[in-house]
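Handing you a structure now.
Chain nomenclature is as follows: A, B, C and D, assigned in order of appearance, with residue numbering initiated at 1 for each chain independently.
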Amino acid sequence: MNQDQQYEQAAWKKVVHEIIFEADTKLGKAFDVGLIILIFLSVIVVILSTLESAEEKPFITIFYTLEWIFTILFTIEYILRLMVVRKPLRYATSFFGIIDLLSILPAFIGVLLPGSGSERLMIVRTLRLLRIFRVFKLARYLSEATALREAFFISRHKIAVFMTTVMIVILIASALMHVVESSAGNEDFESMPSAMYWAIITMTTVGYGDIIPITVVGKATTAALVLVGYSMIIVPTGILSAEIAGATKSGSAISTRSCPSCTAQGHDKDAEFCKKCGEPLSNHLHDSK
Amino acid sequence: MNQDQQYEQAAWKKVVHEIIFEADTKLGKAFDVGLIILIFLSVIVVILSTLESAEEKPFITIFYTLEWIFTILFTIEYILRLMVVRKPLRYATSFFGIIDLLSILPAFIGVLLPGSGSERLMIVRTLRLLRIFRVFKLARYLSEATALREAFFISRHKIAVFMTTVMIVILIASALMHVVESSAGNEDFESMPSAMYWAIITMTTVGYGDIIPITVVGKATTAALVLVGYSMIIVPTGILSAEIAGATKSGSAISTRSCPSCTAQGHDKDAEFCKKCGEPLSNHLHDSK
Amino acid sequence: MNQDQQYEQAAWKKVVHEIIFEADTKLGKAFDVGLIILIFLSVIVVILSTLESAEEKPFITIFYTLEWIFTILFTIEYILRLMVVRKPLRYATSFFGIIDLLSILPAFIGVLLPGSGSERLMIVRTLRLLRIFRVFKLARYLSEATALREAFFISRHKIAVFMTTVMIVILIASALMHVVESSAGNEDFESMPSAMYWAIITMTTVGYGDIIPITVVGKATTAALVLVGYSMIIVPTGILSAEIAGATKSGSAISTRSCPSCTAQGHDKDAEFCKKCGEPLSNHLHDSK
Amino acid sequence: MNQDQQYEQAAWKKVVHEIIFEADTKLGKAFDVGLIILIFLSVIVVILSTLESAEEKPFITIFYTLEWIFTILFTIEYILRLMVVRKPLRYATSFFGIIDLLSILPAFIGVLLPGSGSERLMIVRTLRLLRIFRVFKLARYLSEATALREAFFISRHKIAVFMTTVMIVILIASALMHVVESSAGNEDFESMPSAMYWAIITMTTVGYGDIIPITVVGKATTAALVLVGYSMIIVPTGILSAEIAGATKSGSAISTRSCPSCTAQGHDKDAEFCKKCGEPLSNHLHDSK
């Protein structure tokens, strides 16, 4: 293999890399959109194949065939990714590398190790949907996803403080209800884990109704608890609202004009002078000044 | 037909157009208010006619008569709209044009094709309520409706990112519960669509209680899932709060006064000097200065 | 009756008026606090008297006696209010005047018209709790109550737009489920009012579970509906957050300092110069400047 | 005991005080982290010991042994705290002092007063979890916990106004439903406390479904009530969002840079000039200016 061949191969790899890893070129975007459609279709097939009627004659063959078409396509894609990436090992051990592998593995394992256990394994294929997150590298979602992640990151300590408080309230409430209700013979509150399950289902306002208090004290405690839980949704909402408001401020209340003198951006919508260099800004509205 | 007649007809059309399409004149507003009352009444008749007692003797005749009165009035309105509008086809194929047609069609189809199927068709008449949205062209709601639409429009990418995340969480949770619970013999989680229905009902905190986990692992997963779902209501709330805060800022905390010198607007409610040119602002409150 | 007596009586009325209508004097505050305690106690008696054990021997006498003590005290208060107020008729027909009357009327009607119907009437006495709202005239709650009312008032058109949208979604969803589920023989969706009750209970995420979809299409519609309902809680939250943020801005992000030169208030926490007259503000923090 | 010994002892106390009461030194942080782990483990043991299988042979001994290890460790810690603190009585009667005592007391009482009642007492040990709050003295959580407390403190009057309104709505709704439903023979609404329990469970959107309306009027009232309850979650959310936004503003949208000339802080992230003295700010980003 001479240098020319090597260079040619490198160029080929570069082109494929741009298509399947980037989204800046037209072909790259087309590949991403196609991949998303393929992922959605394969997940729908996985979902439908769990239906009872899917085990009947015509459907079982169709789903089996479709599943193998998806698996082969994803396998080709996985091998291509491994080939064109500069550090294959780093990719293979990355979050998306593992997800890509888990997307194709169940079908092969099902062939090698047939049995009832492997059937359950099929469900791992729903993890394919995680690959959808790749779409967020598309330009228009990137900044939004980044802003959301940032808002979460900034609020992480506040959320930690809040979640600790929630956990403690849930535990105290469970302990109280466990004592009150199990004394009255309510078997649903006999163990603490069961009482905690009830407390979480109740305080998040899901309220299945499978475990309910029967004593008067238990009902009063429940009423007090849900009022606390009700007001608890306020705190994290307020925190994140404030954080996101701070993080997205530059996107909504602020004009998109740039200074004609120094090209600075992020001016308030009613600003007349550049906040960076003091030069007057052009305004779309007619002013009598 | 000479030019005078043509001109007369055009004038007549213009007047009717102003009444039924606009809301700026007194008669136009009166028509809108009357139409809203008519729509409400017709929808109430549709709702009441589904009651069991509505199939008894005196009521069935009353509802039948009322329904035809509403249908005839709406038909006249629809024909008028078609006649006075400049481009009848564009109106007929617009959102409101189709809704207007669907409001009157079921009654006529019921006559032409009698049978049990046409009875179910009657329910299409509830779509009449969509015509209520026309009220938002009234001045005082217009800006609010626009602001809300704008806030949604600005946040659409963020909402897309968020909804994708929610969908993936729901699918992963369904797959997990499907494996865990159906192994334990819980038939409610036998199929993925059923598990997904459960996941949506649970994560949105509706919690019917018709499908519930029975295994310890399933209950623990549910508890974790509802805590995630609970915190998930925070993100979109925060996003929209921030967006709406940005979009409506000029409407609440800021005064409507304009500078007497440079006519600039958007001053803080307690500002005394124009933020644009520094000239003093007139203030409604008596100042000791 | 000479002028002196008249003057004396007027002075007496003025003092009593200050005590029971105002909350600025020490005695006025004491009266308000005492009244609140009395209202709470009387409401607790009303609640407890509906318990089954309250119809037994010792309790029925206690509750009967207590009820008459409260009624006599409230009657004295009502007569005093009528006597000292300048325009008794205006007070008697005002919101609080009617509530005050409804607080005492049931007991007297119970004596005049004994029977099973009057017993149910007793529940009207819970309206006494509405009198608690009077406490909001106390200085520290007044501004908060005003701010909340203002925030609601400012957002009323937006809330109207939103509620109309919610109503239309509920109606369309009810109509859809009525057609889908009643075709499948689900009697709970046989009538539109019943389907609307279901839609409201579901979309507000209460989810009793007494009415649930049984068809696959119905379950899919429900899942879509709750996701819509879930996102619908966002919009009004965002609206009000933004409005309240605007209305309360002066209470949180803004310092309580007043300008030493012109006594103007409402400066930003980090302001160094008065926004009204330009004079420097004193700052509690030590500055190196 | 001579002065040297006294001094030595004081130094020893000071070191221990720094370790177990402060979190500024390395050893102090390590102690806090260790304590948190110990608390979590002991709470998990308390939770697991309520399970049915925990009363079987091998587990009962393990849990008993573990419980005594935790109790002895916490007892040593409690005694140390009492010894090194300057005012032991003030500590013993403080919130955390009482919690610390309650963490160890149940085990000793169980030995002194054996019986079935003391078993229930064991649950008091879950209060140990409250000690976790001590972790918030760690630097990175302190400001967040303070900000949250502050936001709550600032909004306390508004929350009081809101909670009073909620309580009155719940009581009026309960009274109404009590009259409507108990007339129709629905025993669940026979007493006011039961109707209030239903109203709270419904308005907070928990919706167990154990108590439901059966009359048409009752269902209509419920539908109206949940729509009110639904909109009621908005108000406190909006209040706290606004307050927290005001309180945390300085933490998110504002840079941490201080003016090199006048050391003023709180500049916008994109500010180039000091808002206080007009001198240019140093900026981390490369500017073309």
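Going forward, contacts are C-beta pairs under 8 Å (C-beta built on N, C-alpha and C of every residue); 3 or more make two chains touch, one makes a residue touch a chain.
Just so it is clear, the structure is predicted and the values come from calculations on it, not from any experiment.
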item: Required minimum of steps from chain B to chain D, each step between chains that touch; value: 1
item: Angle of the C-alpha superposing rotation, chain A to chain D, to the nearest 5 degrees; value: 90
item: Repeat of the A-D interface, chosen from C-D, B-D or A-C (over half of contact pairs identical by residue number); value: C-D
item: Residue-number overlap at the chain C/chain D interface, same or different (half cut); value: different
item: Chain B and chain C, separation of their C-alpha mean positions in angstrom; value: 28
item: Touching two or more other chains - residues of chain C; value: 193, 196, 205-209, 233, 237, 239, 241-243, 245, 247, 249
item: Pairwise touch network: line, ring, star, complete, or other; value: complete
item: Interfacial residue positions of chain C with respect to chain D in the complex; value: 43, 46-48, 50-52, 120, 123-124, 126-127, 129-130, 132-133, 135-136, 140-141, 144-145, 147-148, 151, 159, 193, 196-197, 200-201, 204-210, 233, 236-237, 239-245, 247-249, 251-253, 270, 272, 287-289
item: Complex contact set, residues of chain D against chain C; value: 154, 157-158, 160-162, 164, 167-168, 171-172, 174-175, 178-179, 183, 190-193, 196, 202, 205-209, 212, 216, 219-220, 222-223, 226-227, 229-231, 233-235, 237-239, 241-243, 245-247, 249, 262-266, 275-277
item: Interface residues, chain B side, partner chain D - complex; value: 205-209, 237, 241
